[in-house]
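Each structure below is given as structure tokens.
Shared chain: subunit A. Partners: subunit B in the first complex, subunit C in the second.
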Partner chain A sequence: MTESRTIKVEALTRVEGEGGLYVRLEGERVDDVKLSIYEPPRFFEAFLRGRALEEVPDITARICGICPVAYQMSAVHALEAALDVTISPEIRRLRRLLYCGEWIESHALHMHLLHAPDFFGVDSGIDLAGRFPDEVNRGLRLKKHGNELLEVLGGRAIHPINVAVGGFYKAPKKDDLLRLLPDFEWGLEAAIATTRWVATLDFPDFTRAYDMVALQHPDEYAMNEGHVASTSGSAVAVEDYEDHYEEFHVEHSTALHSGRTAGHSSYHVGPLARINLNHEQLFPKARRLADETGIDWPCWNPFQSIVARGLELVHAYEEAIAIIRNYKPFSPPRIEYQHRASSGCAATEAPRGLIYHRYEVDDAGLVTFAKIVPPTSQNQQQIEADLRDWLPRVLDGDDDHIARECERLVRCYDPCISCSTHFLKLTVDRGEQA
Partner chain B sequence: MSTETGHKQPQSRARPKLAVVKFASCDGCQLSLLDCEDELLAVAGVVDIAYFLEATSRIVPGPYDVALVEGSITTAHDAQRIQDIRQQSKYLITIGACATAGGIQSLKNWADHEEFLRAVYAHPEFISTLATSTPIANHVAVDFELRGCPINRHQLVEVIAALVAGRKPRTPTHSVCLDCKRRGTVCVEVAQGIPCLGPITQTGCGAICPAYDRGCYGCFGPAAQPNCSSLTDHYEATGSTREQLVPLLRNFNAAAPEFQTASDRLMANSDTEAQS
Partner chain C sequence: MTNESKPRTLFAGIGSPHGDDRIGWLVADALDESMLPGVEVRQASTPSHVLDWLDGFDRLVICDACLRTGGTDLPYLHRWTWPTLEVSSLRSANSHAFGLAQVLQLAERLGTLPQEVIVFGVEGERFDAFAELSSRMSEAFDSIIKVIAVELDGACSRAARGSKHTGAARHA
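Up next, the complex of A and B:
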């Protein structure tokens, strides 16, 4: 007779949005793992229909307060594909700069306030500040830099107002960007120090054979454009994304799961996927630092995603500094276009991983169809698969210990549950005594 | 508090217990607390962050002195949960447009909910939600409302500082229009004919949109005593269409009473004209 038991995490902490975890064990065997997402759905894809396409970047920003720029960038690129708009190199560079701001803010937040506490057994970044005041304060400063860049270029840090289909409402003044430089030069060195710090953390010896997926671009570390590459060797055009990756609806979640169309197999998106696929294209200091970390890239240990975030933090500072130094104000700030009935899609790299949007629009410029695939719903199936492998290693304790260890693994993905509107709850089911 | 050290400090009072609670929302308003990078550790020193899932794994059960509530009510479960939170909280403060006015998700209040479910989910039967998105004040008494999509973090710090000091928070209720004058922003409506909600929208954002050459789209909801019909009549008379004005009013504060009345009035006018 085997003992079966249930372990539940009613509310995952230090993740964005709300979800839980449910695990059912039959003796030492993992019977069921569900990341349940009970975040109430908000129906963005439904109420976008009938709205003017010009409103889409403002509305989709509200899917996520942590990564609004990811939604704005994906939306405008998809709509520009529909309208056959080619943006200028100046607009393209400013969009990368805006994304750098979001990567800096989001990565600094996750590394210091959400993820690092797990490596020291403390409850929060605020508690971590008691032991590591210099490191946490440095992290907060980095986070602030990201927000300041978003404020100058986007108007504000959360839900920026300056992103438009075709470009920007207003190009920033050179002086306003230049004023950021002294902080960013300090921040670059601080980000390097932070990355060296997180590379020394005590990582569990846990690796998996992931199918990692990220954008790849011939000329640059992919952010806004590229083809959908994977560590299993596939490479598909963004236009063909939906033929190869599919969303499906499972009962325990208000998020849609994603999998490879072939066999619904899980895949992994995010900073670790990007670094594994594209680390040769990092800016020089980030590239050198990748070699110094002692990690033999590609890396298959999800806990080391914090190092990948650190490398991207360094990269984002380097690239932001380069763009700001070379910036010349330009006019007009956005490319004009004509409305036409069409459809278009785009994928960009949110801080948490690949994000895909597709829209259909009519002659009057109104949205008639919207499809949004956020990074966390793509990772959800992968997280559940990881937990099945991770659980047998953490069963040597009480339910609280097991639940904590499961949450640690979930956090490696920096899940954003609010994003996965159509998207997590850990409950461990060790069942009742058989 | 001071009993641990064995001596009483005459001025000390217990740190208020703070809960940050989320309903249907994007997390942006609670993120605003973590975005107070300069004040965060100080805030954590003066209030006891007892429940804040996004920031800490430490969960202290209620009652709480202050609950900051983000998000709107869209499920039967959440309608019950807000009652529990109200009972456990001495002060309940809503943060942001979702909690204060129902948020962008209140657009479903005007739509066919069943059709929305079918549009997004392959198995609508797995989803249980209410047909409406409603503000917290529709369900329980609210002690203070902090507006914005997102809220202004300086206003959030002001609210927390006021609570700790035992005074009323000072958040202005004048319109965005006045802040454009203060900033010296040239009026986008007057100079460029762009429909702008600045005259009827409460300040708080710092009047950023007109400073970036675009019209205000109402993130902080209706200002005190807004004359919405006068403004929309003016915009219609100067060439804006109802197809432009209704969505402008129906976004992040669509269900704020003054904005809702104004957008419904425009729609009713359209219907009357269509019939005559």
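Up next, the complex of A and C:
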């Protein structure tokens, strides 16, 4: 007789949005794993149709309260591709600075409050703060720096409104940026200390043969542009992304899954993919720290994504400091353009991984088609594949233990289910079957 | 700004652009316009934003939408004094990795939470993407502002004059 178990996580914790996890086991064999995202899709793409293209950065920024910049950056670059707009180097640098702010805020929050508790056997960031108040306080200060930078560049704390197709509505004042420098210089050293701390965590011995995908750029650590590279050796232009990566519907999720067009195989996006592909292009302190961690890059252990986030945190501080120090107010802050019927696409690197946008616009400047592929949608299939490999290692406990271990793996991806449609719920099915 | 004039109360309206989840932001807008003395007004898109702003305040007042539980004509306006289990069990209109109760617990643990914390939870019913406020919430808006403004040093009349909505909210 083979024992059959079904494990359900009704609501995954410490992830953004709502979803569930269903696992069915036949003895020691994993029979089925489903990451069930059940929040209704938000139909943002349909909502954009018929809107003036100038509204797109503001609307897409509101899809997610955590990563508005990623949506804005991808949207404006895609629309600029459609309108054949070439932005100035000054605008380009300021956009990287804006993205640094979002990476700092998002990575600091995830590392300290959402992911680190998993390595100390505590349930939450609150419990972690009881044991490591200095580290958690440090993380909160870093998070605050990211938000303050977004406020200066984006015009306000929530959903930046200063980003425009063609550039910015208004270039920031030098003094407003310089005022941030002392905190950012402290933050750089604090980010290094944080990364050293997480590099010493006790990581499970779990590696997988991933196909990791991220933007790659010849001259810099890719954020806003580049080609779509992978650890399997492929490199495709962003314009060809849809020929190589495809979204498809699965019954158990209201968010589309993604896979390679050939065979719908899974792939992995996010900080670990970026570091694996691009760590040679990290800023100097981050680059040296990558060697110092003792991890032999490329790294194939998803649990060590917390170290990858730390390295990107350091990089973001270094780059932000460099841009702020060299910043000179410039004009025009926005490149003019003419409406024309056309289409364009772009991919950028959200904190959680590659995000792709494509738009079609008419000659009146109205959006006629929009496609948005967020990172969590792309990682869903990979998370399920990881769980199939991870589960046999954690079956030596009760259902609560198994559920906790599954959630732990899912959190390595920092999923933002809010973006992919919107939280996680595990079901363990234990029955007996002849 | 001198230390003497530094606001001692922080008001944070938590919200999103989606239907009745707008209420926190709209209340913040109305309170900001009315320029209540000694009150700093902020809008947040996630509860964790509030952690950035707590330094130096004696009092924290929060307004956030929550899911409708009653069958009344007008939205309930809950007023809770932290700590309370009711905020911990609150079904927020949005699912955040780090919810409001967790934010308050964390700040308490780290010693950064102001001495007095009041949470206003407004029951909403419509949370569709980019939807306007529900008619019930619109009707209740003025009353919600009045109750919260009274909390913020009794400046209800100034705040109410700044709003465009009419109606009444039930106050639980």
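Note that the second predicted complex is superposed on the first by the 422 of 434 C-alpha atoms of A that agree within 3 Å, B and C clash if a C-alpha of one lies under 4 Å from a C-alpha of the other, contacts with A are read in each partner's own complex, and residues count from 1 in each chain.
FYI, contacts are C-beta pairs under 8 Å (C-beta built on N, C-alpha and C of every residue); 3 or more make two chains touch, one makes a residue touch a chain.
Note that the coordinates shown come from a computational prediction; the quantities given were computed from them, not determined experimentally.
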item: Subunit A as common anchor, with subunit B and subunit C clashing or fitting; value: clash
item: First (subunit B), second (subunit C), both or neither touched by A:249; value: first
item: First, second, both or neither for A:51, with subunit B first and subunit C second; value: first
item: Contacts of A:298 with subunit B and subunit C, given as first, second, both or neither; value: neither
item: Which superposed partner A:147 touches (first subunit B, second subunit C, both, neither); value: both
item: Partner chain(s) touched by A:169 [first = subunit B, second = subunit C, both, neither]; value: first
item: Partner chain in contact with A:159 - subunit B first, subunit C second, else both or neither; value: both
item: When both partners are placed on the shared chain, which of subunit B and subunit C touches more of subunit A; value: B
item: Which of subunit B and subunit C A:59 touches, first, second, both or neither; value: both
item: First (subunit B), second (subunit C), both or neither touched by A:113; value: both
item: Touching partner for A:126 - first (subunit B), second (subunit C), both, neither; value: both
item: Set of subunit A residues, in rising order, touched by both subunit B and subunit C; value: 13-18, 39, 42-44, 47, 59, 62, 65-66, 68, 109, 113, 124-126, 129, 136-137, 140, 143-144, 147, 156-159, 418, 422
item: Subunit A to subunit B touching residues, read off their complex; value: 11-18, 39-47, 49, 51-52, 55, 58-59, 62-66, 68, 109, 113, 117, 123-127, 129, 136-137, 140-141, 143-144, 147, 155-159, 161-162, 164, 169-170, 248-251, 253-254, 256, 404, 407, 416, 418, 422
item: Residues of subunit B touching subunit A in the complex; value: 22-32, 34-35, 37-38, 40-41, 44, 49, 53-59, 74-75, 78, 103-105, 107-108, 111, 115-117, 119-123, 126-127, 129, 133, 149-150, 205, 208-209, 211-214, 217, 219, 244, 247, 251-252
item: Subunit A contact footprint on subunit C (complex, rising order); value: 16-17, 25, 42-46, 48-49, 51-52, 94-98, 102, 105-106, 109-110, 129-130
item: Subunit C-facing residues of subunit A, complex; value: 13-18, 39, 42-44, 47, 59, 62, 65-66, 68, 109, 113-114, 124-126, 129-130, 133, 136-137, 140, 143-144, 147-148, 156-159, 417-418, 422-423
